[in-house]
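Look for subunit A in each of the two complexes below; its partner is subunit B in the first and subunit C in the second.
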Partner chain A sequence: MNPPPTVTRRTLLAGAAAAGLLTACGSGDANKNTAEANQGVNLPKYTPSTVVKPDLPGTPEGVLDAFLTYPEPPVKQFTAAPGKGGTVSAFVLTGSPVPPPKGNNPFWQELDRRLGVDLQLTITPSGEMATKFSTLIAGDDLPDLIVPALFLPNGVPAGIGNLPQWMATKCTDLTKFVGGDSVKEYPNLAAIPTAAWRQCVYNGGVYGVPVPRGVAGTLVFRRDDVIGGLGVDPDPKSFTEFREMCRKVTDAKANRWACVNAGMLVFIIQQMLGGANDWRWADGKLVHQVETEEFKKAVSDAAAMFKEGLVHPDSFASNAPVKRWFGAGEALLIADRYTAWPQFYNENIAGAAFAISPMRIPTYDGGGLAKVWQSNAGSTNNFTVFKKADDGRIRDLLKLCDYLAAPFGTEEYLFRRYGQPGTHYTMQNGGPVPNQAGVAQTALGIRYIVDAPDVIYIPGRPEATKLSYDYQKAIVPDSVPNPVVAGGLFSDEWSRKQPVLGGIVSNGQNDIIAGRQPLSYVDEMRAQWKAQGGEQVRKDFTAQFEKLGIK
Partner chain B sequence: MTKALKGALLTLCCALVVVPFLGIVATSVSTREDIVRNGGFVLIPREITFAAYRALLTGGVVPRAVGVSVFITLVGTALSLVATTLLAYGLSRPGSFGHRPVLMLVVAALLFTPGIIPGYLTVSELGLLDTYWAVILPAVVNAFNVVILRAFFMELPSELLESARIDGASDGQTFVRIVLPLSKAVLSVIGLFYAVGYWNAFFSALLYLNDSAKWPVQLVLRTYVVNQTQLGVDQVGTANLPPQEALQMAILVVSIVPILLIYPFVQRHFTKGVLVGAVKG
Partner chain C sequence: MIFAILPGLLLLLTFHYLPLLGNVIAFKDFQPYLGLVDSPWSGLTNFRVLVEGDPYFLNALQNTVVIMLLQILVVFTVPIALALLLDSLISERLKRVVQTVLYLPHFLSWVIVIAIFNELLGGSGPLNSFLRRHDLGTIDIVGNAAVFKELVTGQVLWKEAGWAMILFLAALSRIDPHLYEASSVDGAGKARQLWHITLPGLRSVIVLLLILRLGDALTVGFEQILLQQQAVGLGTSEVLDTYVYNNGVVAGDWGVGAAIGLVKGLIGVVLVLGANKVAHLFGEPGLYQKDPR
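Let's turn to the complex of A and B:
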């Protein structure tokens, strides 16, 4: 499950500082980011890549292409370097330990050679993004490419108020370079799905290149080896059966619980009940999840299950090592993104017996399967904006991005992700296995500048790849999007207040589940949520839904 | 209270301090299996492996960052001691030039700290961005330390300084020959304060150093410890790498040990140094 966003004193200050600055620099263009302007944007024409044929093809609705092995030999897509020399600077983030500097980093040196430029990176740990970004704006000495913000689990850029206004003043509107058929000049960018580009639309233009992700978001992984070993039916047909299954597999004396945390229960039960994926837009009314009866019911059931001892007792600790519990078999169900799959295989101690699969969620009262929520971040991990520059420079930078978006199966992708064979990885069981040098040197954060469409590929585990693909194929067609994300809406208030509003919901939910507050506290949470900005956010979004004519 | 009870209480207190540290060291040399079995924190590893240390030290990032931190700490502490001592001594002598305004300035710095953005703009205007000086210079004088040191200097018997003057010593000579040798204790303590501050420099480094090659060890450490996964979003088949917890604990050891080594040498001055000057503010 997507972790709730945390807000520290520092991010709050930095966010406030950035917001203030952004207000100052963008006041002249305050009204450019309107729903009307954004509706008519000429989005890049989607042309799927034909460079590599997937083993299992994806679908236009959002099922990802799947690969059982890395194509051998990989396709060489580029014959010449995309760059013409000179320096390209970029502000990127990383979720990995900092890589060795260029002088000590053969991967970085080789990347420069292949790109044909001197790539200067300001690498920022993702946790410090907001602070560092606010100083970047203050200094006004912008690099060529900027990752301006992280997407929170709600699908909007985080912590940076007035982002659209800042972009209008300082960044390039890319529409004339990539809008419509123009994007064909950059075939790998043309292969990025339209939904991802839509999340780069601000001020009536395409303001960035996206890092696309699949719409199939969080799923429930289940430890089939353990559950099967206990002789329990792993496919409950209703909530009652689900709770029964949890009871049967839990044995606190054996240090084993059904669920890693109670948050995932609220997430699952709401889907069983057909609850709102963050927001619900129906009959001209916008309702937030916290205001729905499904939410209240889910919290109530989750609290009962927690009280019964079906959830790992330490799960309220911040940074609870839930993945490790799952790997160690201390908890048998976990909600996580599809990208977590390979990690579970790498970090368990069950050896060859280890078996996991995605659990299909039944409807609450039985009789069929529940509709699954799409990723709350939409189809984009983040996007990258371009500092204002002349047309020639922008085209050069787009060519560079085109290279960095070379699809899975190409030699360029293999290099970008894993480095050079022998030095950084070896091919084993149809997949690259990085060594320590590979892991350290490739963590440059360039994958957050732009990326090829995601694929399903679990190295060395074709059967798991197939499971993941089949699951997506089953759930994606009638999956439920977050209407705000799907509509590509933006609210400053939401961007700024989301950490606070999210905190009200997650803290309140935890208080009720842990028994510190009665269920009636949900009403108090709703009141707080509305008073502290929720009502304003609703107004913002409602106006945009109405203007866009979304029913 | 009986001796046995005292002993038990002391053992408990020691354990409170020692056990977590022992756990850090033990976890850093544990295998993935041990770590998973023990819930992430190993006290007695069944098998010892130095894979985490190898991974840390072969990449070149951590040794370099330790080098940067050592440089920043040594140079910064030396500069800080010189600047703080001179300022505090000047302020401790009644009638010195600009005495009151400068003292007010120091006290004001104690009360008001600059915000992130003004600090950044100042450093940027001075052309210090992406240099080690950006981490050192803004922290070179700590008002609190100036106040402590000034109070200490004011306590020195004025007869001593007068007799030096009668013997023909200039202000400089008095300072170097009389005052400094008498201030070893307080200087070593203040030096330690500064050294720990520089060694732990994280936030200023994050703001002012864009080039990750110049990052000190605390900033590098944070990217290891805070990020939940070793490889970011997309995990790949890397079964032969050391476990994340061992790496995190190993880098903790690497970052704690150097500063820990200094403590025994300064400790004997510690109690005396902090108390001296503290009673007269």
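Let's turn to the complex of A and C:
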């Protein structure tokens, strides 16, 4: 189930290169991003952090460490500022509203002081990331640290064709600084798991520092307080019972619907049916989700439920405020990542009564629980590349990154995430609960430069932390990975065409659910998907599966 | 004098003329990571989508033309009517208040206008909540593909009609009041005055604005439509501008996007030149004319 040890998805670029894809789009430069080159990369030696012991330990399969309270007192890791003065510039993203500029931002000023540098950040909202990044590349006036855009505003991965070539000419190969034992100079970077570092390998070298994440991906959050108050059984045992539950909790006259959107229905019904997590590799055949019968069935059921009025009626609007609806009890089920947990507590209007928990998805026909899909992004959220510079400068920047990767339990982590006590948060129930200034000022996006291994921790809510941990522990062992991500495969066609192919699926799916197209339109979507590049991607990946001998 | 022009000229050069060079992308297989210079030339391949009649492109073209006609028909004429109505008000104060109320929405950004429409008319908005509570059946306006074009036109009308009206009001105030007095002496009623004095007095302004409007007639509200596209699907909502964005910027097919943009610009030029010519035929000065000598 887990990826074979020595091969990464970039190492297999050779397959793509052999197909002439990369050479066709390159400008004649020798292509260094080959399987041979990437296979032998000297990855940083993993030395787990021993700073604190988790209250609930994670597992090697991918359950994260969990903490019920923030360790008291926090461990102070750094005695001196990691920076030596001067300016460090970085291009980062943020998923939160853009924070106040440095002049009005005490957190940022304090961060500068603690880092010992003047940190100049270009903070880009994640929605504009892809366009801003293209502009940055075209302008060629690069900051020291750059987070390449990997996703488009609609969540579809951005085309990264030619990204390796760009990195080869403009960015630093970090292998000699962090490869093997040399990473020991930066203990917090050494504590980042190897799987995350693998996602930074290009052109035969380590080209970035990763932001690691857990494999448990999207889950269904349930408003237990409301559903319980209605006296409805929150644990359906089959699809029929699930639909019945949705019917019982929906009351349009009271502005209350079961689901925030129909997309989440397609997502969970496919899991009930045992559908493909993006791709399915079985019996020597690679099949994409859109081609499966499970997909068609799920779309059909979701369309019926939408028509019946079990979904929030405004959910197709762009940027529909789904989290607000969930917080306000306008919709009682929402699909989101485990990282959304604290936000739900911070932003609901139900007050003390607010209670949520992850829903376990039953199998379609009943009899047991469905296997849950792993995160499609793999074990990394993103990575950060370093502009070409002399060795001394790179070492200084890595030192800074080491500070920014201080693990949970340290004083440095507490400050980096939550700011300063009193000003940005108050300690409640053993955890830093941010106030408004804290939420606004700390959203600098520095957590996307580099980060310590993720943990499960919901400040001030030990019971919620426990729920999240128990859920991960229950679902991770037999969770379903995306075979392409798990196998570490790479196709240049896939990385270029994902926006187009993803668009065909999501637009078509919406058209059917909203009743603008009949269910048979799925066949047309499949034909388009194949013609627009899907068939080529299948060829690329199939060759790699066969070459690797993955069954 | 020259120094007074300079900032504006620089602005024009930097943001209007310099970017024109970027149109070279239309003839290249542009890859952002390779840059403008290193991206390979691709001849006219990017224009194939136009010639071969890609169904998605044709769909976008059709939607654009329908919305364009709706907008010229409704959004161009309503401000004239509004101006006439407002001009007929006697109380100066009431006139000012009405004028202000009408043109204020112009200063709201599209994001806000659409949020207002969605909040008020959406499935969970006050209108439909009210209907639902009284068992009257809901009205599906926002997110209903069948009425999308009308909704879009309605939004433009609400946002821009009051603003567009101001120019016509100015033109109205320049009509010589003696003409009205003379015509009443001759026994002309309100309708005849409108037809024989007011509208001829507005004619040159109407023609001028119409020609200018035709220049970007194919631009039918990129931001406005993009923001609502997801709710109604691409079938009814894809227009040329969003097609360029979705296929060029989002999907990374920059060359095709630039090619379509280029052709769209050329059509705009042809429309302006053509309309100007027609205006001359009707004896109007139009946008510009040859030196009469």
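Before moving on, here are some points about what is shown:
Just so it is clear, the second predicted complex is superposed on the first by the 490 of 551 C-alpha atoms of A that agree within 3 Å, B and C clash if a C-alpha of one lies under 4 Å from a C-alpha of the other, contacts with A are read in each partner's own complex, and residues count from 1 in each chain.
By our rule, contacts are C-beta pairs under 8 Å (C-beta built on N, C-alpha and C of every residue); 3 or more make two chains touch, one makes a residue touch a chain.
Predicted, not measured: the structure shown is a model, and the values here were computed from it.
In the superposed pair of complexes, A:514 makes contact with subunit C only, with no contact to subunit B. By the touch criterion defined above, A:125 reaches subunit B but does not reach subunit C.
In the superposition on chain A, A:317 contacts subunit C only, with no contact to subunit B. In the superposition on chain A, A:134 contacts both subunit B and subunit C. Measured by the number of subunit A residues touched, the leading partner among subunit B and subunit C is B. Shared-chain residue A:98: touches subunit B; no touch with subunit C. By the touch criterion stated above, A:428 is placed in contact with subunit B alone, subunit C being left untouched.
Of the two partner chains placed by the overlay, neither subunit B nor subunit C lies in contact with A:527. Contact with subunit C, but none with subunit B, is seen for A:503 once the two complexes are overlaid on the shared chain.
Residues 131, 134, 138, 330 of subunit A touch subunit B in one complex and subunit C in the other. Residue ranges of subunit A in contact with subunit C, taken from their complex: 25-27, 130-131, 134, 137-138, 140, 152-154, 158-159, 161-163, 165-166, 252-253, 255, 312-314, 316-318, 330, 496, 499-500, 503, 507, 510-511, 514, 516-517.
Residues 29, 31-36, 38-40, 118, 122-125, 128-129, 132-133, 138, 142-143, 145, 226-235, 246, 249-253 of subunit C are the ones touching subunit A in the complex. Subunit B meets subunit A in the complex at residues 32-33, 35-37, 39-40, 54-55, 58-61, 64, 115-117, 120-121, 124, 129, 206-207, 210-213, 215, 219-220, 222-224, 226-241, 243, 247. Note for the complex: subunit A touches subunit B at residues 13-14, 17, 21, 94-104, 121-128, 131-132, 134-135, 138-139, 141, 319, 321, 324, 327-328, 330, 339-340, 342-343, 345-349, 381, 417-418, 428-429, 431-437, 439-441, 443, 447, 459-460.
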